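The structure is given below, and queries will be raised subsequently.
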């Protein structure tokens, strides 16, 4: 309540089961809520109600302050700016959560005093962001990758899909370069004929040397240096007299160095509170953003947005068309959807209450990316989200 | 066990998650169990088995005393008075729960000593009541509204429906006059063209002055005094430059005083362990009873019975016909069913373990009815029901 | 881990919710896994993955040691002997669980050191047995009835079915002679016209005198002595002026003694960790085995295998044909399936956390069989299975 950003207590990554409090998260794509639409969503375990009024999106807690009725069960709006609980007619200003009237007690001292929590909302780059927390919100620019707010970047929010695993499973895999193995058969590679590695090898034994931490005043994050690793396009092994072989679909025949250089020039960066930037991706000239937003203990919402540096409206419209007709199909359906599927296959393991996050795993020196992320998140979060911590 | 009504420990309303122990509750309508029918029901979390034998309904616990088999899974009765567990043939007298025979040990000292719990049952006014508790039962007359047992009242049990919320949500709303708002669009009003208010206003600031407590030897309850409040048929408010207006479907044009007087002459009264009487309702000459009987933590059974003071059998049959063809449709389907729907919309809020009943709400001075009920229930209950407290 | 069979701590039967650790259990019938098939199963709460390689069945834990991915979600085998986690390509030897390679770090010190748990497996008599535990496994012969491994016994594994109750409910009923009551109407009896009793009576008051304990070096078990009891084919009782009568479908008219002698010559024996032998059954010359293998807290897997002492391959094939066309139908569908159905009817009672196993029951002197089994199991188990007690 009176708490400020300076006073909040940070928590450990392993305790952030439903995320970190006091951060900005994408709630939906701009297209997901039209004028006057009222839309309920669970975010970080909180029941939030959104409405678009005169083009602007507002969000309040989805429970009447009086007896807890979920507004979204039966929506009653007597003006565009207000929502009325259908049980006892307590009426709130949707733009700030204040109690406006009670027909049975119009002089009640509660009016203008009592409110339902109103969440700060910002709509930027085709996404509706909401600040889940109590304190005065930090700038949105502190909770997104720096590239996201670059002046002439045009962004299309492409994917918004619920996934059946804890958000941290996805966050841990997204930045880790060795999860490339799971993409080895994706049609995306076939379509673009990209010589995509099945693994990356450390060139020296110091894992963390490949990671650069960004801990200044703005967003907190870390970037990998794929150029400092060696991509692996084929691997053979022996076991009990048999030979096994794993290989990229399109090996970089005769131009291994060139392919490695191209792959090495892709930079991944991971930012608080859980957003990845891959650049360039999926092709030179485009940049890729993805968020894993906690819904509850066992599910999260996955967003993908693609950006391109273009100013002309015509080009922008063409790019939006291209995303919708080509990249959602190729880049998500035939590529990142496999991240979702394989992340879900780890949920049963992490859901075991005796194996709280981070235990029971055997991490290797290649997991420096993941370990560095755990440390960064533990150091720079603004508090652990708890069930019903808020108003 | 050996405990008496005088020795029981009362508990708090907020702890009565599955109800108050040692009270009478309606289990079903008389029509719901025919001769020789065996019927299992969960009531206050207990698994109870009913049978009608020679017209009279009996109830025992639905688990064999030996190894806990649920009799209702495979009913075997070798006489009308007995039930036999199909696993090891332990046979009980359905009328008192006593163990009658064990074929593998007919001389067992357990016979005639061991019993399954037999619940006191009384069938009155078209309803089968059961006493959930251990002590010698109090008179049924202490657990129903006084009007219910009036000599020449003829009662038809009309509605028996399971609802998806805790019983207290329904109990709190039922007596509270301001929940009238939720009925504002019901077809019942359209059909009868009743000028029904959307709210009631206190005439003075003393909420509790409108409530009369009845705490004598008989049933414990409280009555409202709607005549002391002012019904509201229309309400306007301003918010951010817009005006909102809520209004009754049929405003009492030109006869506001008369309508208010008619509405004010309706008396609501609420009784332990959770039964409402509204009189007259739904029309002059009829009286309305409703019960909210806990099933488990998140569901309850809702009964409605309507009475009319008529002695002649012919009139009684006509009234039963009228209830079945008219009032179930109008009075329940098009009126009280909306209480059910909206009560369910508060369940998620109250189910949150961090918001035990009564916390997290902001109650107003209009909630005196609800607060008075909480106090009455806390003062006059005969114990808190716990899971498997009984035999 | 380093623990030996001698050092393990025994536990109480009432705590063995998901079974006893460090014992052999049937996992499936031989026919349930064909060459190169990969099959996941939950056994005693553990997630186990089986594969048949060159005819032999192997089993490993179904989670990658790295980040816990369930191998069975997306099976990748680059050689017949190995399984590869599809996320980061950690590759294990299926025959011993050892980590064989990591493409991103082929020189990792983990290779050859780290392993996923490999479960000892033995395939005997048409069943695949697995040892669930950490210690070096005891001989399979110590965990099956002595008759099961008799040299010229030919065994057909007939039934493998999941049941909706805790394994102990089934174990307690299987050996207890008085549960015969539940079979009284089974078509099996009609088909074979067997004079099957509805109960058995103790001839003297010493229940335990009818049970012989076997506690030598080999399997630990107990046998009943039905010959020392008196079978009951009919039983009448009085209650409130009515007479009830229970009777066998085929009473042994005129030859009661002969039928009793035939029934008395059937010997039941119950063995650790939960396997029953009935001999002869279902007809002279055949012997019956059944296992109740814990899956989780509320379900178990039920196996039936029938044996016959025959050496000739032709006879064995004929017997297998007979089991499949006749005995599965008569002996399971029309007999033992009723055990399953009625056992399930006790689950709700035992699932109640306030009635941990063994409380809330009223056991009689006829329950000596069950009590003796509880004592034997408490004395001779090799530890209590706990969730994720393993590696």
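Note that the chains take the letters A, B and C in the order they are written out, and that residue 1 is the start of every chain.
Here is the rule we use: contacts are C-beta pairs under 8 Å (C-beta built on N, C-alpha and C of every residue); 3 or more make two chains touch, one makes a residue touch a chain.
What you are looking at is a predicted structure, and each value in this text was computed from that prediction instead of being measured.
The chains in contact with chain A and with chain B alike are C. Mostly differing positions are employed by chain A and chain C in their mutual contact, as under half of the interface residue numbers are shared between these two copies.
Superposing the C-alpha atoms of chain B onto chain C requires a rotation of 120 degrees, rounded to the nearest 5. Spacing of chain A relative to chain C, judged by their CA centroids, is 48 angstrom.
Not a single residue position of chain C touches two or more of the other chains. Of all residues in chain A, those touching chain B in their complex are 47, 63, 65-70, 73-74, 78-82, 84, 86-89, 91, 93, 95, 100-106, 108, 110, 114, 387-388. Remark: chain C residues 172-173, 176, 178-179, 181-182, 198-202, 232, 235, 237, 239-240, 242-246, 341-342, 344-346, 348-350, 352, 354-355, 360-366 touch chain B in the complex.
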